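In the part that follows, the structures are each spelled out as structure tokens.
The following pair of complexes shares a single chain, chain A, combined with chain B in the former and chain C in the latter.
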Partner chain A sequence: MILNIYTIIMMFAAALTGVLAVPLGIMSFRIFQKWEKPLYAEERTDIENRSYLLLLTAAVILSLKLLTWPFFYVTLQSYIPSIRGAMCIFGVTQFYPSMSSALQLFKPLVFFLIGGWLLLNQLDRKTETSPLFRKKFLFLHLISFMVLIDSLGDLMYFTGFNTGSSVACCTTFFDVPERATAVLPLSILGEAYEKYMLPSYYTMNMSLLALMGVSYRGLQNNKLLPPWMTIAGAILAVLTAVITIFAMFEVIAPELMGLPYHHCIYCMWQYVPDSVLITALFIIGIFSPCWALLLNIMGRHSETDAALKGYIMNLYFFGIISTGASMLMVTIHLMLK
Partner chain B sequence: MTNIRVRSQESGVRRDELIRCEGVWKIYNEGRPHEVQALADVSLEIKKGSFTILNGPSGSGKTTLLALLGTMDRPSRGGIFMKGKDITGFSDTALSTLRRDSIGFVFQNFNLIPRLSAWENVSTPLIPAGVSEKGRRDRAMVLLEKLGLADRASHAPEELSGGEQQRVAIARALINNPEIIILDEPTSNIDAEATDILIDILKNLKSDSKTLLVSTHDQVLRPHADTVFELKRGRLAGITHD
Partner chain C sequence: MNGHTMNRKSILAAIIIAFSVAISLITISLQRQNAPVCHYDGENIMPVYEVDIEQKDRGVLKFCSVYCALEWFKRNNTKSAFVTVTDELTGEKLDASLAFFVESDVISVAATRNRMHVFKDKHHAQAHGKQYNGKSVLNPFNMN
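Up next is the complex of A and B:
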């Protein structure tokens, strides 16, 4: 284990969230079960009173999880001098490649589900009879599992590090022609694939902006969106994410760093500090239409209609601003190069 | 008091109806040992701007009914309607919001916070509304002045007499400008002079179109009320209209 202040904070957060996730999971499932049956007035009040403590616990866990996602990378960054061969965060992730890949995929998923749950909870609080009460506690139960797995993963991951081994860093993986982000576009677009990457990036991001804009206008003038429209938004967001990630590795990161043959996003975060903000805005921009879909599916009820419309509108607005700002920042960087 | 009632065309709710109870029961520990039936099949209606008294001996269910009408508790059976809307199925959050915005409650023992001064006690309901400290203080001072307590604003509850504490509690109940003011046994902890002041305050509130709902076993407030509901052993035993 590499013991530094970052490891201690990360381990403490992981242990705390892991310990709290267990009662959270059990209690939320009990509430989900109890709420199904007809209740005496006192039982209902009792469950509602218990739910406040549970919601507070959930808020603590979820806030910690939201904060520790970026902190995960800060901790890995702090290990660079301690691990032989590591020159950026990517090198550190090669210490336990499968575990770090799993955690890196798991964290955005947990972040997405946590964000979705917080929105669902807020939506339910806007109603008079709390029609989403049962649903939100079942959802919380499922999230508590994810939180527990993520916390245990963090504990195992960070206790397993040592300074004895050496790793290969990003140049070995990303600066070779066989890298995954090059092979796929090469096979689809041919040798000149690189010149299509930036137009694809802009086309997809602009399309997403346009769809969110149309949806926003539609909500302004009309009632709730038909489900297919939010589904289309979420699908387009996922496709945009895939294209953007490819474009980031292949074209944007090398351009921003001024290193035309170096295709590493982790290095980009290190050398171009505001690229962290670009990434964060991009993630929020992609998640926003997906949260809109989640709410449109899980939050529909005659009582939530008015509030749901406002929430989805805000999500699209937020998505437009975040995606637009991320794209604008990339464009300014590219123009200044 | 006039008994003319006009039905709203759209909702089927009487325009002057504010609160309505339909067959309300309250049973404590229901379905468990030591079940206690506090209210049984109570139906009543309270009109906007009226002064209503719940009268009855100790243990007749006055405070229980007051807690139900004040949305601090839920009935075991039956419905409570506010402006025609059934609030029985409301969530705790929705009831809290309704209570914060529409109902002011003056407790029998006033329930003032000992560590806070009079104006701070009065202003506490404004904290969840996000009002600044200056705004809270200004609004609290207006009410304290109106109730003749401006010179006592910085005093702690223990430095005030029973009647003054009650007026602070009334000011706190009024700070959010609620439509309904509920007072539980308001004459039980104050002397005759303070009772006269209280009656004047209640008259002023009524002239400001506030709906007053008072539980009492004391007869001193009775001549000022529009309607008196008599409760006996949890049942409605009689209604007197002025």
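Up next is the complex of A and C:
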């Protein structure tokens, strides 16, 4: 185990969220079950009183869990000097590759669901009779289970490190012609695939901006969006994410680093510090329409309509600003290189 | 939606955009002032393992190891005019065609797992090869 301040914070957060996820999951399911039956006023008040503390705990724990996603990478970054052969986060992830891949895929999902639940909870709190009460407790039950898995994963992963062995550098993985981000576009677009990457990146991001802009305008004109509109936004966001990830590895990261043959996004975060902000803004921009879809599906009720419209508008607004800012930063780098 | 909320949102948007642009410009200006790093993988260069490749028309590129320089050279040998390597015993720079290369069990740059070693003198190269299970290699930066 590599013990530094980052490991201690990460382990503390994992232990705290993991331990509290268990009662959170059990109690949220009990409340979900009890709320289903016809209840006397006293019973109802009793459940509501108990739920306040649970919801407060959930909000704190889940907010903490949100922060652990970026902190996961900060901790890995801090291990680079301790692991022989590692020159970026990729090298560190090669120490325990299957576990790190699983965690890297699982964390965005947990982040997305937690963000969705926090928004749903806020939306429900805006109402008089809490019409989303059951839904949000069932959702919380599911999330608690995922938080528990993620926390256990973090504990296992970070206690398993040692400084004894050496790992391969990212160039032996990302800079070989058989890398995944090159093989797929090569098979679809042919040898000159690189020249299509940037136009595809801009086209997809601009389309997403346009769709979010149209949705925002529609909501401004006092119309609640039909579900298909938010579904289209979420689908376009996912497609944009896929294209952008390929473009990042193949064209943007090498350009930003000034290393034309080096396709490592982890090195990009290290050598071009503002690329961390580019990535964060991009993630918020992509998640925003997906959260809008989640809210539009789960938060619909006659009592929430007015507040829901405001929430979805705000999500699209932040989506537009984040995606736009991320794209602008990439453009500034490409123009000034 | 009232005008006040719209104004607040516009100000927030302007702040986020302005902040992002400022951060990018600061990063770019700092990058331009930084010390040279390996042109292939961005790693800091240790002077005793440095390889410099002079291009025909675009100046000199610096690499952290023979491995990185060779990876670049394989793709761009037509652009290269001259390759300078470093004797890892003395740190002296010399033309790659005059150097002795040995591939051994010793890793010089951990990040790239570079096992190729450069020496100015033949007997040093032979001694290294004998000690670390190495074999002599012809100049890998062959312009022909």
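Everything that follows uses one rule, which is that the second predicted complex is superposed on the first by the 336 of 337 C-alpha atoms of A that agree within 3 Å, B and C clash if a C-alpha of one lies under 4 Å from a C-alpha of the other, contacts with A are read in each partner's own complex, and residues count from 1 in each chain.
As a working rule, a residue touches a chain if its C-beta (ideal position, glycine included) is under 8 Å from a C-beta of that chain, and two chains touch if they have at least 3 such contacts.
Remember, predicted model here, so these are calculated numbers, not experimental data.
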After lining both complexes up on chain A, report clash or fit for chain B versus chain C.
fit
Who does A:Gly85 touch here: chain B (first), chain C (second), both, or neither?
second
Per residue count on chain A, the busier partner among chain B and chain C is C
Touching A:Leu259, do we find chain B (first), chain C (second), both, or neither?
second
Applying the touch criterion given at the start, work out whether A:Gln122 contacts chain B, chain C, both or neither, answering first, second, both or neither.
neither
Touched partner set for A:Gln77, first chain B, second chain C, both or neither
neither
Check whether A:Ala168 is in contact with chain B, with chain C, with both or with neither, and answer first, second, both or neither.
second
Rounded to a whole Å, what is the shortest Cα gap between chain B and chain C in the overlaid structures?
18
Chain B touches which residues of chain A in the complex?
40-42, 44-45, 48-49, 125, 127-130, 133
Mind pulling up the chain A residues that touch chain C in the complex?
84-87, 91, 166, 168-172, 175, 220, 257-259, 261-262, 264, 267, 270-274, 277, 281, 313, 317, 321-322, 324-326, 328-329, 332-333, 336-337
Sort out for me which residues of chain B touch chain A in the complex.
26, 28-31, 73-76, 87, 89-94
If we count contacts the way the header does, which residues on chain C are in touch with chain A in the complex?
1, 9, 12-13, 16-17, 20-21, 23-28, 31, 37-43, 68, 71-72, 75, 110-113
